[in-house]
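Below are two complexes that have subunit A in common, paired first with subunit B and then with subunit C.
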Partner chain A sequence: MVIEDTLFILWLMVAGPLWATVGLFVMPGVNQDQPKEDQISKTTLQIAGVIGGFALGPIGVALLYFEPAMIRRTTMMVGVIVTVFATSQVLVRVVDPNLPSALWLILAGPLWAAIAAYILPRHYRELEADDQNVLTAAALGGFAIGPLIIGLMWKSTPKINRDWMITLGSLGAWQIYTLFAIQNPDNPCVLAPFSLTYLTQQTANGVVIGSIYSLMAVGLTLIYSVQGIVSFAHGQLYMVGGYFSFYFLLHGGNVLSDLTGTEVSINPIWGIPVAAVIVFVMGALFERTFLKPMHEGLIERAAEYAILITFGFGFVIEYTTLAVAGPFPQRTDRFIEIRRFTLQRTTITEDFAFGPINIIGDRAFAMVVGIVLIFALLYFLQRTWTGRALRATSQDRQAAAVTGINPTNMNTLSFALGSMLAAMSGAALIPIFAWVPWVGAEMVGRSYVIVVLGGLGSVPGALFGGIIVGIVEALGAGCHPDPSRGAAYKEAFALVIFALVLLLKPTGLFGREHN
Partner chain B sequence: MAVFNRFETAIDAGIGRRRLGYLLLGLVLLFFLWFPNDASQSNYAKTVFISGFFYAIMASSWALLAGIAGQFSFGHMAFMGIGAYVAGLIARDGFIIAGLGIQITPESISAIGAIIVGTVVAGLVGLVIGWLLLRLRAAYLALFTIAFAELFRIAMLTEYDYTGGSNGLSLRPLIEVAEVDTARQIEYYLMFALLIVCLLLMYRVVNSPIGMFLRAMREDEDAASALGVNVVRYKILVFVFTSMIVGLAGAIFYSDVGSERIIPEQLEVLQMSLIIAYAVIGGMESLIGAAAGAFISRYMLEAMREVVITLPFGLTMADGSDAFTWETGAWRFALFGLVMVFTLRYMRNGLLYPIINWFSGRDLVMKKTVSKRHDWDDDPAQLEGRDE
Partner chain C sequence: MKRRRMFMNCVALLAIFALLPIGMAQADGHCEFADYTITLGNLAPLSAPGAVAGGIAMDWAAKQAAADINADCGIQIDGVNHQVAVVTGDSEGSPERGQAVAERLILEDEVDAMLGVYHSAVGLATMGIMEANQIPTVFSEPWNDNVSANGIREFDGAPPRFEDGIDHIFRISPASSMVGSVVVDWLLSLGVDDVVLIVENTDYGQPAAADEKARFEAAGATVSQIDVELGTEDFVPILSRIQARAEAPDVIRIIVTGETSFNLTQQMSELGVAPSADTICVTNQFAFQSEQYWATVPDGNYCAFNRVGIIPSLFSDAAVALNAKYEMEFGDIVPSFAMATYDAVYIIADAMERAGSYTDAAAIVGAIEATDLDLSQGRYYFRFGGHNPDLPEGTPEFMWHQWPDPIVTVMQYFEPGQSGLDAAVIYPEVYQTHGTSYIVPGTSP
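Up next, the complex of A and B:
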């Protein structure tokens, strides 16, 4: 063991807790002489003292004591992250991979999460405190810091705002990071803090692919916000959009050449609008035939009917495509000739550097398509009459109808538009992925994850959700200690988040709160 | 119609619809019992029937869960997989917790024991999932169960060191038979008996007060709760019950004579969608309807692998053959999906509903109790006169 490591560990084991205790007792004396309304609450000061003391020792305590304005959620967050990061580094260096620490993280984290999630909301309700988001915070905190969260929230029952959630969420992420680190200290992601290349490369991949995921998820969220149903045919519409593009590019050139008598070659980009138009019409027809009666009240138990009928629609599309196209992987030509974009290596210090980051040309193009289309959609929703009518219908059908908007048409439009967005993302991705008829089933899971994470019905939520899911998948697959397992579990990482969000905060990050 | 009405009156006056229905059911039972003894039937036909029984159990238990209790779970196949995988793994590797004194070694456990363990574990997982699902409704519930099923499938596929990955896992056979023909015979009767037992069990539940509570909860959870139905208890109960049924079915189907291996592909959402389609076509609110729907659909899908139509009047195809042959491939599934969609839209209770309804005599009761629509319902002048 290297000398620095020994000192580091000594600090964490002895000095850290010591200074944290000092901080705990010293800090409440900060603003005794201030007027009552300017005083920072005692608990906040104590927490700040513990974190500051642990992370930076005497310097931290002194800084906070003489400069109480620094006690902000952000600085505290940084402190917490430094602390957990340091701990995780110690665990990587000292703890043998076979020791029960991994077990602690695997078993104890979820256990404490369950205990906290059981106890705290009940406690809040008993005290008649505002229990919004308490469940989420308790579960996250239980996972991240174990029994500590119960103590923290039991005494003062703080109102849980976004800062709390972000802090606890990043703590939980660090826990998972530590788990990876314990499993394999040579993991490129664990070594990454000293050379960020791998991590940034993975993150960039995630962002690129995530923005196309977003496009698809936006379609789903649009349908939900207007009609209140989840389309279970979305993945198949995405898949069939890719196939329409493929067949158009395969035959379109020849047909046009025959018609005009001159040689016509079609750029692969044209596949996107063609697929969009065809699937728009398909979606509109389906909505008129099968979903309209539901909104007219002709069908009992509409929610179940909506699930089943869209599911059946997807089933038909999938098998029809299988019968037409066969189970062979297909792919269209590249959108652009440039194979990859490279961001040059940026060196900050000797061993702290980013890049070079490579992004495959077609993926970059698909990202641009995705972002442009999302902004076009946002423009449409915010600035045009029809878009505003759509939003009005999603907010209040009755009121919208009173002002002269036809809700029936808006339903059809929303379903057709949503399906169209799925098809466009399919057409944008077919040059990148091998396209088989069941590609939709895999993708649709992802878009459910995204919309639920972002909040069903929220367009910005879908945008951010897509990027988050892209990053989580890229990092999860890239950082898993066993690379082959990591790739196989790629979808599973997102699904775990999905299940947790559904259970803990069904409104998602940006969803409308239910009262 | 007139002929049918005359028949109807004759039956009502004579044997009675219900009794006729039971008679027909008995004949169908006899047919199924006799079928494997028909020497002219190939083992392939028997295999189709066996899988038909299996899917009938799956579809009818899904009908209980989704159609009667209103919980749209897409995790049905996953629970089947849990039953089968647990039974297989425990028979192969055993299970030891030294601290608690639990010690099951592969030598000490029999095939039946493994199946029981598989069923119980499926039930326990169902208990946890059912408890988690309490706070979710409709689409959210469906999404959560999809996530659960996919996670389970991915785990089974990836942890190939234990589960065999995509090669699948073979379970310890319940009965070891060397000869193929006898093995099919035994497998056939075993699955048929299992189907009957499961159907009887589920009927017992549906026709008890619990069945009524479940239907009440499906229609309006808050109203049912206000009337004193313990919603939490029955929701979890029905989830555990159906999980155990499918866990048992999965464990037995894959271990019967050791002819099949459980593979993760079987747990895909696509397979689940087939179960749903079977149940929808047969009738989601009737157990026997869903079971019959599954069996008939399964049989039709197999029979439609190749459609051969002999041309009449000596006509020939372009290639000179006298029959039109169509390798259906995936088209049969596309067609099947269309049938499902249109059933949903126009015959919500399934294609078999009119038949079941007629035999149960329910529409007879309806005719007696619900009066016909009268002309004066539309005529305000006559309505006024009626008030006096």
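Up next, the complex of A and C:
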């Protein structure tokens, strides 16, 4: 299971209920030497003592007793997380493995989520307390720790801030993980001590591919934030970027070989700026020709027009490429000659070793390229006049125009830049995937998920959204209880997270409200 | 002087225009054709999500066959030569789209016979349409066993698919079971007992995997199956899962087609999962197209692959000629589905000539059943059909209207960048070219 048996026995001996009881009785003594106005309430001290003792045993009680300033909401939440996790682990080992599932369903889980979500917001409103995020917190807390959250929030009606949400979300995740571990004891994601290596490997896989997803999604979100339209040609621009790189490397290599008289091959890194320049110009020309009339009010049904015209643009690009390049898959040389980076197995204790972790060399390189480009874009948007002008236009076109910014030029720039980013991600990925004229279809679908998940129009949202999607897909495929279905459901895992985030935060993770 | 030169130029120009049709007639190979052109419908995936590369190769092969037949005076029926034309409909690899296109070819283009079909799902979905419209059909690539097995089931009348008692559907590609049995027999002969199947989620992949799984398990091997969707690009998470097993599997068998299989094979090699000292890599017949394979799977040396069709060293003159034309067009070795599609046109043309009709479906079907023809893939004939309806005990149902002799071999690359024509044939023993049934990675045969 998750941690070795001896650790649990140790935990039972030095922490757990015994030390929780000690904390309960000892902690009120903290107030003895304090003036009345500085005293912490007895109930708070008792709760802190129970949590500290339960989670960290004598260390927890001593820390809180001698440093009562640590009795803060965040510290207590961490203590609750440790307590819940440890309790669930003990239940798994000591009691019948199926019992905790039943207990969890009774004590917490969906039932308590529904009860908490029903009761607590009403209670807050009756007391005229700030009820922002209370519904979400109540549902998460009920799911994770059952009646405990109802008691806690009922009694103190705390203001639900980000700390609360993160803590309750983490608790819920732990609960799910624990239940998962109970039901799937042989799954590589819970099989201790190996699971740490495996989870790290899958998370690294997700971060690497997610960073590359982000680059493409950033282009899409940039176009949306300035122009308010979704480019349905984005997948094809990504695809054609790869092909521009491919043909540049092929013909450039041939020309250099002819000139030098020796076999010369160009590193694919040089294909990225070439694809960027060509597609930037393509995007600018398209915007000037077909989208500008829309912004000038010459098109009656602008929203539908934008969808159709970008869709048509993508269609033309895809079938032109099919005619020119053919249907057979292509790929360029590697960025680097290192096939994979391996973090070798390291023995930490007699029973515990970490590693090996493998990352494919070209993917790691593409990840670095993707992250550098995204940060370069962020620098451009934050630190240059043109970038600020783009942001200003995205926030308020009329106000931007009043300050001397030309919104028409910003439209063109945003579409060209967005297209360029798609092309650059294509050029960064053609050494990694077999490239065909319809390769953008899968990628663009994922990009739409990423930009909405991160928040439409938010560049950091697209960055984190891409990484989240990458990690969720990797962990989903890697941890699915049925190995035969994990890969087939890969994209569905991201959609589940997507739906959950939208349910809890309709503007996406980093999105802002739009009128 | 100037006027005279202009007059002479005009005369020369007129002479050229006057002589042009004569020249063109000569170019047609002195053949006189009747007004009616026999039209053959070719179903092939020309757009995504279908296997576009396969569809384009099949389209080219059918049209090349028609051109070659026309150069040889077309199809002769009752002493009259008819030109052959091929109309290719884009199935997109989708059953619904395939049905719509098949109906369009039959009802609007009024084709006289049908051929092609790449995806099994399209074959299974369109068979009924061809049958209902009594269109003789020769499928050249779908592998699902039921494509031909359904024929005998319905021929036996449960339920009858056709009122006239004639099954119009033939197949010259192998059934999945024919391919699977060769690969499984080979792997069992190597002593493998821990198998991972990575399988595409389609009407081809799932039945093929079920067949191979049953064969492995019957021999006592342990089989794990991983399903993937066609079009998936990133397989690293599932490959990491395989890598995380306590013991590496003996073999990873890829039952995935198209560029999806290239991505999978390359990522498997890059991560060091297979081919390796512990694990045999077995990919699919696409690996035989060595230009494509090495362009997209540069680390795929020592991967074995199943191959359908005659082995390169036994190529007939017809196969050599077809391969040369294909190489000129696409710069790669001709794949089996292009050869089969090319041959399918010839089988239909030959049957029409022997039936003496391009409209009498019953006569054409009868003639196809009696086919005995040497073409690019070998000698074609159909052992079981209306002419011989009783399948002996133990004969699989898919042998109905099925060319029984497609050659299935296992080949293996042993040098990076090696041509498919030079890859080692390692199984069955009778076709072995390098005297070994497996080349261990890092060694030479």
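Operating definition for what follows: the second predicted complex is superposed on the first by the 289 of 515 C-alpha atoms of A that agree within 3 Å, B and C clash if a C-alpha of one lies under 4 Å from a C-alpha of the other, contacts with A are read in each partner's own complex, and residues count from 1 in each chain.
Simple rule for what comes next: a contact is a pair of C-beta atoms (placed from the backbone, for glycine too) under 8 Å apart; a residue touches a chain by one contact, two chains touch by 3 or more.
From a predicted model like this one, the values you see are computed outputs, not experimental measurements.
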### Query
Sharing subunit A, do subunit B and subunit C clash or fit in the superposition?
clash
### Query
Counting only touches as set out at the top, which of subunit B and subunit C does A:496 meet: first, second, both, neither?
first
### Task
Using the touch definition from the top, say if A:250 reaches subunit B (first), subunit C (second), both or neither.
neither
### Message
With both complexes overlaid on chain A, does A:488 touch subunit B (first), subunit C (second), both or neither?
### Response
both
### Task
Determine, under the contact definition given at the top, whether A:290 touches first (subunit B), second (subunit C), both, or neither.
first
### Query
Does the superposition put A:320 against subunit B (first), subunit C (second), both, or neither?
first
### Query
So, A:441: does it touch subunit B (first), subunit C (second), both, or neither?
both
#### Entry: Partner chain(s) touched by A:478 [first = subunit B, second = subunit C, both, neither]
second
### Message
Quick check on the superposed pair: does A:372 touch subunit B, subunit C, both, or neither? Answer first, second, both or neither.
### Response
neither
### Query
Touching A:339 in the superposition: subunit B (first), subunit C (second), both, neither?
second
### Query
Clash with subunit C: which of subunit B's stretches 59-67, 185-193, 257-265 or 329-337?
257-265
#### Entry: Intersection of subunit A interface sets (partners subunit B, subunit C)
322, 438, 441, 485, 488, 491
### Task
Could you pull out which subunit A residues touch subunit B in their complex?
229-230, 232, 289-290, 293, 299-301, 303-309, 311-313, 315-316, 318-320, 322-323, 438, 441, 445, 448-449, 452, 485, 488-489, 491-492, 495-496, 498-499, 502-503, 506
### Task
In the complex, go through subunit C and note every residue touching subunit A.
47-49, 52-53, 55-56, 201, 224-229, 231-238, 240-241, 243-244, 259, 262-263, 266-267, 270-272, 289, 291-292, 295-296, 298-299, 330, 332
### Query
For subunit A, which residues are in contact with subunit C within the complex?
188, 194, 198, 201-202, 205-206, 209, 322, 326-331, 334, 339-340, 358, 360, 363, 433-434, 436-439, 441-443, 473-478, 483-488, 490-491
### subunit B to subunit A touching residues, read off their complex
66, 70, 72, 132, 135-140, 142-144, 146-148, 150-151, 154-155, 157-158, 218-219, 268-270, 273, 276-277, 280, 329-331, 333-334, 336-338, 340-341, 344-345, 348
